[in-house]
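Okay, got some structures for you below.
Each of the two complexes below includes chain A, the first together with chain B, the second together with chain C.
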Partner chain A sequence: MDAHLLGDARRWRYYALAPAVAVYLLLTALPLANLVAMSLHDIRWQGGSADWQFSGIRHFAELGGDQLIRAGIANTVVFAIGAVTCEMLIGFFLALFTSRVVTGRVAYRTIFLLPILIPGIVIGAIWKLMYNPDFGVINQLLSLAGLPGRDWLGEKNLALASVIVVDIWHWTPFVFLLLLAALESLPQDVFEATRVDGATAWQELRYVTLPMMWPAIAVTLLFRLIVSFKVFDEVYLLTGGGPGTATEVVSFTIYRRFFTEDRMGYGSAISLVTLFVLALLIVLALYGSRRFSKET
Partner chain B sequence: MEKTGFQRQLVGIVFGVGVAALLAFAGGAAHAQKVAPITIVINQSPWFGGFSKAVEAYERETANKVTLDVNPFAGSAEKQRNSVRSRQGQFDILVMNSTWLAEFYHGGFLTPLGDIDPSFKLDPQVLSYDDTAYWDAKTKSNNARTGSLYGVPLNGNIQLLFYRADLYQQAGLKVPETWDQLMANAQKLHNPPSIYGMVFRGARSASDISYDWMPYLHSHNGAIFKDEKAGDFTVTINSPEAKKALDTYVDLTRKVGPPNPGSYGQAQVIQALVTGKAAHGTPVIAAWSQMDDPSKSAVVGKINVAVLPRGPGGKPSPTLGHFIGAIPKNIPRDRQVAALAFLKWFQTVQAQQIVANAGAPPIRKDVLESELSNKPENRWMKAMVDSAPYPRSMYTVPEGPQIVSVLELRLNQAVIGEKNTAEALNTIATEIQEIMRKGGYKTGKLPDLK
Partner chain C sequence: MERIRASSLGIHSVLALCALVVIFPVAWIGVAAFKTQIDLLTGKVLFQPTWANFDELLFSRSSDYLANFLNSLGVATASTIAVAIFSTLAAYSLHRLRWPKWVPATVLLWSAVFHMLPPITMVGPWYLMFRSVGMDNTYSCLILTNLALNLPVGVWLMSVFVREIPIELEEAARVDGCTTPQMLLRIVFPLVMPGLAAVSILVFVFSWNEFAVALNLTAKQTATVPVAIAKFAQEYEIKHGVMAAGAVLSAIPAIAVLLLAQRHIVKGLTAGAVK
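Here is the complex of A and B:
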């Protein structure tokens, strides 16, 4: 090809990329740069205007001593692992069991998907009523069975588990939907060949279904992990981080420091560190997923 | 064709009526559109019903347009911050709770009402609420004598003792004047799970347990700081008096409270009272409107209110949880004028009667003491008047939201048993001292409690 034309084509690639880069800079890099700037300052308001005082890395240094952050990280990890593990297992087996059901598939799929269609605020209201120790349906059912009721959101040993249950209820349909779509797209001739070869149901699942499903499982798992690390609305609506720090999660700590206490510099520092840790997790998860795919 | 006399008369009449109608319309329009439309940012509190009734009456009476932007409590503060920090504000009246008032005064976001109308003054019948509507920018304090008027109180929220008058009568109990007497009464009525002796706002939130415990602290002669008004911010919350106050509170929650008092917020306290599950509570008076509402309450006519009890050697000390309506600097002049027109109207007797009739606490002493107070449904008014000399502010520094955050967590930990009362207060003192040190205040703290 003519060198001149080749150069034009290369330049054109950059021109074509320019709008996307501009949008990225405007919507991602710029806010991020602002967050970095804020994290290095103490910001106070006096006489109607903001007074920025350089604080260096002091806000980052304070993070380690912040008990709310420590509790938030611990709870977020427990929350993410607990909720996502259950969602993946229930979602996968639901998809597996229902993938071959033909009768009433539209009806049951609609019913299964309902929780992800309900707005977070409504979910908070529904579950807060269900968990109510005096009037909630859960304690009423327990009392019918002759069992004592519990304060599901008020007892420090139960509160986080109760929030995890709500998250499982909310997000399992999402996992189910993605895995069912992946399951239905698998080539059927492979399964037929497996059965002709006399494989048991377990062998079919272990050696055929799971390896072929792995990319879909990995993507779903990664997506759910990222979203669950950012959990906010369920905690905000159900417990407000309490009792004590029993349900404090990182996003809620950021909200509290940044907005409720109006500590913009410190809140920015927490946000940046969270962003960095999440990005690192994503990179590690993607790397691990690729390696695992290659090996299997 | 020549018109007959009758035709000429008819034309004259039609013309006259037309002109009169036009003039009437023009006059009406001029009357209707006196001032610019305004937007009020407010939170959804128990007293909101009374305020919205007053707004409806104002619109009917003046034909001025008022839009209410209603939010959850914490969300309202955030919206107000965003609005006053932008080039042009979105809201014309900020309904500010006492917990974030100091931040807005210190930030310099508000307009002195005298700058909009030099003749405007707070009506002498409006209660003072510890001078919180005034701000002295030089001394950085609330002072009616030296400061400028920045707002009009919109709601006189303070805590009162809500108690089951019917159960008191059956058991032959006297209204308690001290926390110890309250404990004794509550123990007599405590019969869980049918009824709890008392319910508390023990939850950790934007403002629950810190507000609920303050009357205990102040009525035991304790305080967060040594002498806030004199600029001495030595932290004294870990004093023996404060420990006694927290011991009393925690003791009450354990002996006569529900199984998990650390999860009860304001809504749960009100719910327990109106469903007959609680014999006592100390919610804000704004909650009263629900007590006698047959659609919400199972105990209509059975609850009464009294001045809060006190600690040994102390005075009853309800905490100011009131709201001030203020006008931001960053809105156009015509909207400032319109906002002040509403505030002027709101402090009138007529407006405050509408508020009181809706079961919300009025801001005028004469309305609280008027014939309205003789009606059985307004039996709370006397306790409000009797409490008038005692209300205390929680703090007057802009670091208030950080202080509240510390109090909410550590007090809640004391209630749920994660920390003992001395540990909780020592931690609070250390953390508040650090907040004040970073803020550049003269500070220190008492030696740790053992």
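Here is the complex of A and C:
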């Protein structure tokens, strides 16, 4: 390799990486630095420009006593655990079943992709209509069976569960897809050997499939839990956090404080704490999943 | 043999039931889009289908849906092209142009972390930044934010595909006197094309669907389709049929992609996770 080409490659190393790094610096790193500054100020719009008043750590001190945030955290944790547990269970067994059938696998996979690709806001719109207490199809079906209808999104003790059902509908297919890909990449001869040895389906699952699938299951679970904190579109449309604070989730609290109430400094403080906790969890999860895949 | 056939029948019925659960809500809203408000409210099963909802959605004075649709199309296309080019270049540089190890490690870690954070946490500072330079409510700020939201997943996935390019091919090209730009155009881009297609399709759909940022960084003129649908749902007297029609039209890209490029999407969605 001659010197000219080496030099050419060395320059292009920078040219090729520059656009991506510029985007990261300008649109993620700089806003993050901004977020820190914003959380330490009270910000008002004066005409076209922002007026910054230093407020110290007052916003952070306020966080602990904010009832809405407490409700947001509690609901988000219930939401994340409830939704992701169901998604993992259903997704895993669906993947297991699909991996056993030969015909129709592509058709099933195509259908199960549908919820991943439809806009979140449309999913919200669909389910808002279906949950409607007056003409929604769910109450119609119930009345066909002679059961009384409910106000699925309007009753305090039902609303969060109703939102969780929508999330399960939305994200189970994604879990299914990842676990199916993991199942398909397992060595097939192990399964053949198990069957030749006369193992029952349960034994095969308990002693062969599950042990081999553990890394994929753990990684999918961890990341689904973290990503479930993103939920916003569906809550915005279905309940707007209500009734009361029944479906208030953290991302919605941020939106409410920052944009609806126009408290930019305080909203930034909530954002920053959320980002910090989640980033910590993500790094731990990434580190854990790397160690996990090295061991197995 | 008998037992196997019986169990496969059982499996198929479970899968078919799940497929029904997935399809039913989408089909139901598809049907609702062709109902009059009265048919919808009374829950008629047999009804006279009508185009009235679509007519009102697309052609009435009070609806901006057609403009919203074009906004979404433009924004999603522009940000997808940018993500496709930037992420391929970055992935190639990171994995094939001999950076010290910490460089690709840092960029990939940043990509992974940022990809998983809730976008709503970044909307605040974006709003302040763009408004301070007078760029709020412009197409550019929407394109830029969608670029920022989707570049991480692009870099991550393109890394997987770039690493699959046989290194011997590059070495041979170098020996033949190929410069880096020629290498990119003649070897890298053609070889990663299937992967790049998968990534582009996904990024297009994600940009098309994006709501939290568009809600806060757009005005009437620049609003995208998801923002329009949210508006429908919040009016004092909701026109359910029109909202359903809007939802159906907004799902067209998703459904088109699903029917035409199902295999590609699966590849894109699972590439980062399995390897």
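As a working rule, the second predicted complex is superposed on the first by the 251 of 296 C-alpha atoms of A that agree within 3 Å, B and C clash if a C-alpha of one lies under 4 Å from a C-alpha of the other, contacts with A are read in each partner's own complex, and residues count from 1 in each chain.
Heads up, the rule we're going with is that contacts are C-beta pairs under 8 Å (C-beta built on N, C-alpha and C of every residue); 3 or more make two chains touch, one makes a residue touch a chain.
Just so we're clear, the structure is a prediction, and the values are computed from it rather than from any experiment.
Visitor: Just chain B (first), just chain C (second), both, or neither: which does A:G82 touch?
Guide: neither
Visitor: Which partner does A:P31 contact after superposing on A: first (chain B), second (chain C), both, neither?
Guide: A:P31: touches chain C, not chain B.
Visitor: For A:G91, decide between first (touching chain B), second (touching chain C), both and neither.
Guide: A:G91: touches no partner chain.
Visitor: Tell me which touches more residues of chain A here: chain C or chain B.
Guide: Comparing touch counts on chain A for chain B and chain C gives C.
Visitor: A:I43 in the overlay: touching chain B, chain C, both, or neither? Say first, second, both or neither.
Guide: Touch partner of A:I43: chain C, not chain B.
Visitor: Contact-wise, after the overlay, does A:F259 reach chain B, chain C, both or neither (first, second, both, neither)?
Guide: both
Visitor: After the superposition on A, what does A:K156 contact: first (chain B), second (chain C), both or neither?
Guide: Only chain B is touched by A:K156; chain C is not.
Visitor: Looking at the overlay, does A:P133 come into contact with chain B only (first), chain C only (second), both, or neither?
Guide: In the superposed model, A:P133 contacts chain B only, not chain C.
Visitor: Going by the contact rule set out at the top, does A:G72 touch chain B (first), chain C (second), both, or neither?
Guide: So A:G72 meets neither chain B nor chain C here.
Visitor: Counting only touches as set out at the top, which of chain B and chain C does A:G242 meet: first, second, both, neither?
Guide: First partner only, chain B.
Visitor: Using the superposition described at the top, list the residues of chain A that contact chain B and also contact chain C.
Guide: 45, 48-50, 134, 259
Visitor: In the complex formed with chain B, which residues of chain A make contact?
Guide: That would be residues 42, 45-50, 68, 133-134, 151, 153-156, 239-245, 256, 259-263 of chain A.
Visitor: List the residues on chain A that touch chain C in their complex, please.
Guide: Per the touch definition, chain A meets chain C at residues 1, 5, 8-17, 19-21, 23-24, 27-28, 30-32, 34-35, 38, 43, 45, 48-50, 90, 94, 97-98, 100-101, 104, 106, 108-122, 124-130, 134-135, 137, 140, 169, 173-174, 177-178, 181-182, 185, 216, 219-220, 223, 226-227, 229-230, 232-233, 236-237, 250-251, 254-255, 258-259, 264, 267-268, 271-272, 274-275, 278-279, 282-283, 286.
Visitor: Spell out the residues on chain C that touch chain A in their complex, using ranges where they run on.
Guide: 8, 11-12, 14-15, 18-19, 21-23, 25-26, 28-29, 32, 40-43, 85-87, 89-90, 92-94, 97-99, 107, 109-110, 112-114, 116-129, 131-132, 134, 144-145, 147-148, 151, 155, 174-175, 177, 179-181, 184, 205, 208-209, 211-212, 215-216, 225-226, 229-230, 232-233, 240, 243-244, 246-247, 250-251, 254-255, 257-259, 262, 265-266, 269-270, 273-274
Visitor: Provide the residue numbers of chain B that touch chain A in the complex, in ascending order.
Guide: 74, 77-78, 81, 84-85, 103, 106-109, 193, 203-206, 258-260, 262-265, 272, 275, 277, 329-330, 401-402, 405, 409, 412-413, 416, 418, 438
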